[in-house]
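To keep things simple, chains are lettered A, B, C, D and E as they appear, and every chain counts its residues starting from 1.
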Amino acid sequence: MALFLTISFSSIATGIHTWLAGTMQNEMLVKITEMAIAGISLLLFLVPLCFFLGYMERKVAAFMQIRLGPNRVGPKGSLQIVADTIKLLLKEGLTPTASDKFLFNLAPMIVVVTSMLVMAPIAFAKDFQIWDLSIGVLYVSSVSSIAVIGILMAGWSSYNKYSLLGAMRSGAQIVSYELSVGLSLISIVILTGSLRMSDIVMSQENGWWIFKGHIPVLISFVIFVIASTAEINRAPFDLAEAEQELTAGFHTEYSGMKFAMFLLAEYINLFVVSAIGATLFLGGWMPFHIGHWEAFNHIMDFIPSSLWFFGKTFAIIFIIMQFRWTFPRLRVDQLLTLEWKYLLPISMVNVLFVTVMAIMGWHF
Amino acid sequence: MFLKDYFVTIYKSVGSLLKGMKVTGYYFTHPKEIQTQEYPDNRATLQMFDRFKGEVVMPHDENNEHRCTGCQACEIACPNGTIKIITKQELQPDGKKKKAIDTFVYHLELCTMCNMCVTACPSDAIKMAQTFEHSVYDKRQLKKVLNAPGSKLMEGVE
Amino acid sequence: MAETEKMIFPAQLHQTADGGIVVSKLDDMINWARSNSLWPLVFGTSCCAIEMMSAADAKYDWSRFGFEVARATPRQADLIIVAGTIVMKMAPVLKRLYDQMPDPKYVIAMGACTISGGPFFYNTYSVVKGVDHVIPVDVYIPGCPPRPEALLHAMITLQEKIKHETYFGKAKTEEGK
Amino acid sequence: MTNEEIKTAVSALFPSVTYDETGEFLTLLITPAEIRSVMKALRYNTEFSFDYMFCLTCIDWKTHFMMVYHLLSKTHRHNIVVKAKIADVNKPEIETLCDIWQTANFHEREVYDLFGIRFLNHPDLRRLLLDEGWDGYPLRKNYVDENMISL
Amino acid sequence: MSLLGEPELTEEGEFVINIGPQHPSTHGVLHLKVWLDGETIKKIQPHLGYIHRSIEKMSESLSYRNFIYATSRMDYLSAHINNQACALTVEKGLQIEAPPRAQAIRILMAELTRLSSHQLWWGCTGLDLGAVTPFFYAFRERELIMEIMEETCGARLTQNYSVPGGVMYDVHPNFQNRVKDVMKQVKSRFREYEEALTGNVIFEQRTKGVGYLSAEDAISFGCTGPTARASGVSCDIRKWFPYDGYDKLQFDEIIMTGGDSYTRYMVRMEEMKQSVAIIEQLIDNIPEGDFQAKTKMVIKLPKGEFYQRVETARGELGVYIVSDGAASPYRIKYRSPNFSNLSALSHMATGAKIGDLVAIMATIDLVIPDVDR
């Protein structure tokens, strides 16, 4: 298993490419086939991932709430989410008569597709990346903000007042918090000097940014976690669905499979923001290295890079989950106050510090 | 001054949030605190308190005899008509006729477990049982006849 | 009950010449999923709602069965636990909520008030004498209010019923009805 | 203030008020016509200052309706009951008090709903507990409901 | 889900939403018609009656022993206190008094009820504001109290334990030990409650300055209980008109003057501690003797009117019985605390945000069946 994980994924990709290029003469066809393979393997990866995240969320919630959580469906309740999913898929999918049917049905797809798109530049392990584009960080922050359109569409087309209110809240929220997320990402870009994900990971070879970058990067990291929690509409920033106020917010009218897609998107988003946080601040798949302690670094290298990546990602996921099960929800004006009066000014000043630090070379 | 307040606010807020996370974190890391009793699996050991009011029953002894004289005190005491007693005239050996119960109808679907019938009963014929698993698919199954078929009044109960 | 409780996944292992393959009947699969993922609607009118909340709490913890995803909107719920008295003014609302739920949907009538009007059966002018006058009920739990364990028992009873359904909604066997 | 002092003070203002001291509280029996003037005096005169109306209800005595107001003064800690007899059973009417005590608003709506007493000048006199189209006033003694099952 | 789901724009461009009758934050079946301007509430109109069960009419045809059981279903979180109120009213009519042992047991049960009610309220306040976990911590202690109830009264929620003349049966032999154990646990958890919710900055912001109610308005609206005491109005019936021997006990009436949701929250938190104090005073000093006074099989009250008020977990409950000498009351009126507290809701919430409405409703602690009866 460890051997399998440590072999270079790029050789597999190269192998597939050579084989495809050999069998098909048409270069276009090869590209399309490769894209299809990438997409399908991503899906095959995402569905179990979401099952696991759903299961993890319920168990984390249960243990924090001094109870057991799902334990009767499958071994230790691990098939609970599978049952939920099958049930949701087979449930009657209602489209309200008064709704805008086209937008109503399109909205969940947009939400899911945008959240999946953000997976593209993430480096899951050493040399394992779907698309290492040169503007990785910019791509992530721009594509992820498209999701709000899906939510607005869902809320608007539902022809339900709770949905509309939820969508409007979500719009204000995501647009505001995008700024903080962007600024905290910028601080790493400044330090690295590159937008490319692989460069950012490689720059942390001798230590992760969170350690190398002193307090400013730590502040960026905290702001990133808070703001990205808000951006993916998770509690305590789940105003768009605020169950106690708006029953279910923008997805009040959604049922069955379309609702399952929102759930899927929620978990993919959770994974994506944690993965980006792990990549930028905690070194992605890069093992824990300390300066020039060669022996220690070598021991760390034996742990497969994918385990490093997932370990870090799930640590952030756990923190975000703990937020959800600990804090009360903010009110809509407090949400904006937090962003515009606290997070944004702090992150702006922080970017200044980071820049000074980068110019002076004060980081390790 | 303004800046100081600003940072004090942030410091205090973060502190209070961390305190909350400490509580949830404590329970997450201490599985001993888990309170859950696994209901269907603990049925063997699950013991209701002896005063628990689950449903009204009429105890019968081994000779299929009960203590209900058919006085209808419980029927009168019941606030919402849960109990209906149908009486009959029974011929005594000495030729006299005596009132006895024919059917003791108990509507579990109406019963509020208020215990008024049990306190009203002069001959301790009925009591509260500790059962609670009464779920049914059909409401009609909840209408119960408490006296067993062929049962008769215990000797010496007036 | 004991037999189906142990069923981890509705799959049967059929031995073939070159090892085993997993075969599962579609109906079993669907019923397994449906019965193990009953998301209740947040619906409670009076005292029984408190016991319903107790069933969700740490001591009874209905999340063990996967019931804890209580949905506030009927669109995403599979089950109404009618916990509490239904009065004439509420009956149309309950009917509407039931109609808003997507199929398949189930109803548990919890407590004496819901089953028959219970304490408010006689001499009242505004109480619906049994929620089955308004919506079809699958499982009845008597009690005023029933214990949280009784509610869990009812949920297991409902799971049993679901496990005997076919995809098109009819009960497969006599005991399922 | 003791009951006697209240009686003297009220009699000085409203000679027509009669008293009933059989119950727990001192009871003032008044006519519906003078209810607002009496109540305003009880509420705003500093010697009474009955600022807290803790109960407002109605009794159907078949021949007449009796409005019952329970008042308490938070400053002087004395209670009284004011009763107003509405003689007209077919068209019962009385002035509203909801500008004097805000709690009267909902209580009067409830009484209107269940007894059918019209509160004149009430800002929002609609049925409170029953449907708009409900037939009859259920707490009246002559209310018949064919759906009602008697024990 | 709203009853009237269609978007509704009135001429002035107002946005009207219907919260309820079935909605997670209304704690039952309350229907609030809310006129909105963006997120700000311009006007609220409560619509009641979705659980109006005609208890008053029903009680007119029940005997004096029997009408009590229905009151458990009014304010089911203070079920025992409701029963106690009715029993006290009948006792007042019969001019008898419960024996000292029965009185002490009643107070113990009433304070346990108050404690469990406040615990449930604490959990639900967290739940309403979006913090799910406090609910489970609160219910952990509540379940312990429910066990005490069950052991002695035989039921968890609707005990039907107080009867005219005393209590239905004596306390369980295990009662005192169990109560002492539970009180020890409950006391040790208060600190955790504070860490989990009270001190939380989000919680403070959600509740501070929200839903202000002045003392004058509180009295005028007839608000009672913690809702009024948070506005600086002294209204604890246990102090004002002591019953069942509350005058012999040492406890404080918690009065704070903030008038906002946070103060209401704090009043309840302090009241829990007071309840524990009362229980600890009394648990070792339950007098010996009968647990029930002798009453006739069929109780008939003399002609007249009897009014008894008690302090439930939510405020002042008044039971007003008009008797014409028959075996059942001629007219019975329950002056319920929630009814008056609810009437102040629209006054408190106008101008607030939708999120505040939830906080206000949570801290008034409404029990809708008590409003509708």
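Please note the rule applied: contacts are C-beta pairs under 8 Å (C-beta built on N, C-alpha and C of every residue); 3 or more make two chains touch, one makes a residue touch a chain.
Keep in mind that this is a model prediction, so the values were computed, not measured.
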Any chain in contact with chain B as well as chain C: A, E
Chain pair showing more contacts of the two, B-E and C-E: C-E
Farthest-lying chain, centroid of Cα atoms versus that of chain A: D
Whole-Å gap between the CA centroids of chain B and chain D: 42
Whole-Å gap between the CA centroids of chain D and chain E: 25
Length of the line joining the C-alpha centres of chain A and chain D, rounded to whole Å: 64
Per-residue overlap in chain A, given as positions that touch at least 2 other chains: 64-68, 71, 243, 247, 252, 325-327
Two or more partner chains touched - positions in chain E: 1, 23-24, 49, 52, 54, 57, 61-62, 69-70, 133, 135-136, 140, 143, 158, 196-197, 200, 202
Touching two or more other chains - residue numbers and ranges from chain B: 17, 20, 23-24, 34-36, 38, 79-81, 112-113
Chains that touch, pairwise: A-B, A-C, A-E, B-C, B-E, C-D, C-E, D-E
Touch list for chain C against partner chain A, complex: 5, 8-9, 29-30, 32-34, 36-37, 39, 57-58, 61, 63-66, 68-69, 71-73, 75-76, 78, 102-104
Chain B to chain E touching residues, read off their complex: 12-13, 16-17, 19-20, 22-24, 35, 48-49, 51-53, 77-80, 112-116, 119, 128
Chain B residues within the chain C interface of the complex: 34-40, 46, 54-55, 79-81, 107-113, 132-139, 142
In the complex, chain E residues that touch chain D: 48-49, 52, 54, 56-57, 61, 92, 217, 219-222, 224, 233-235, 240, 304-307, 309, 316, 318, 320, 322, 330-331, 333, 335, 339-340, 342-344, 347, 372
Complex contacts: residues of chain C adjacent to chain B: 5, 58-61, 64, 112, 115-122, 130, 132, 137-144, 146-147, 149-150, 152-154, 156-157, 161, 177
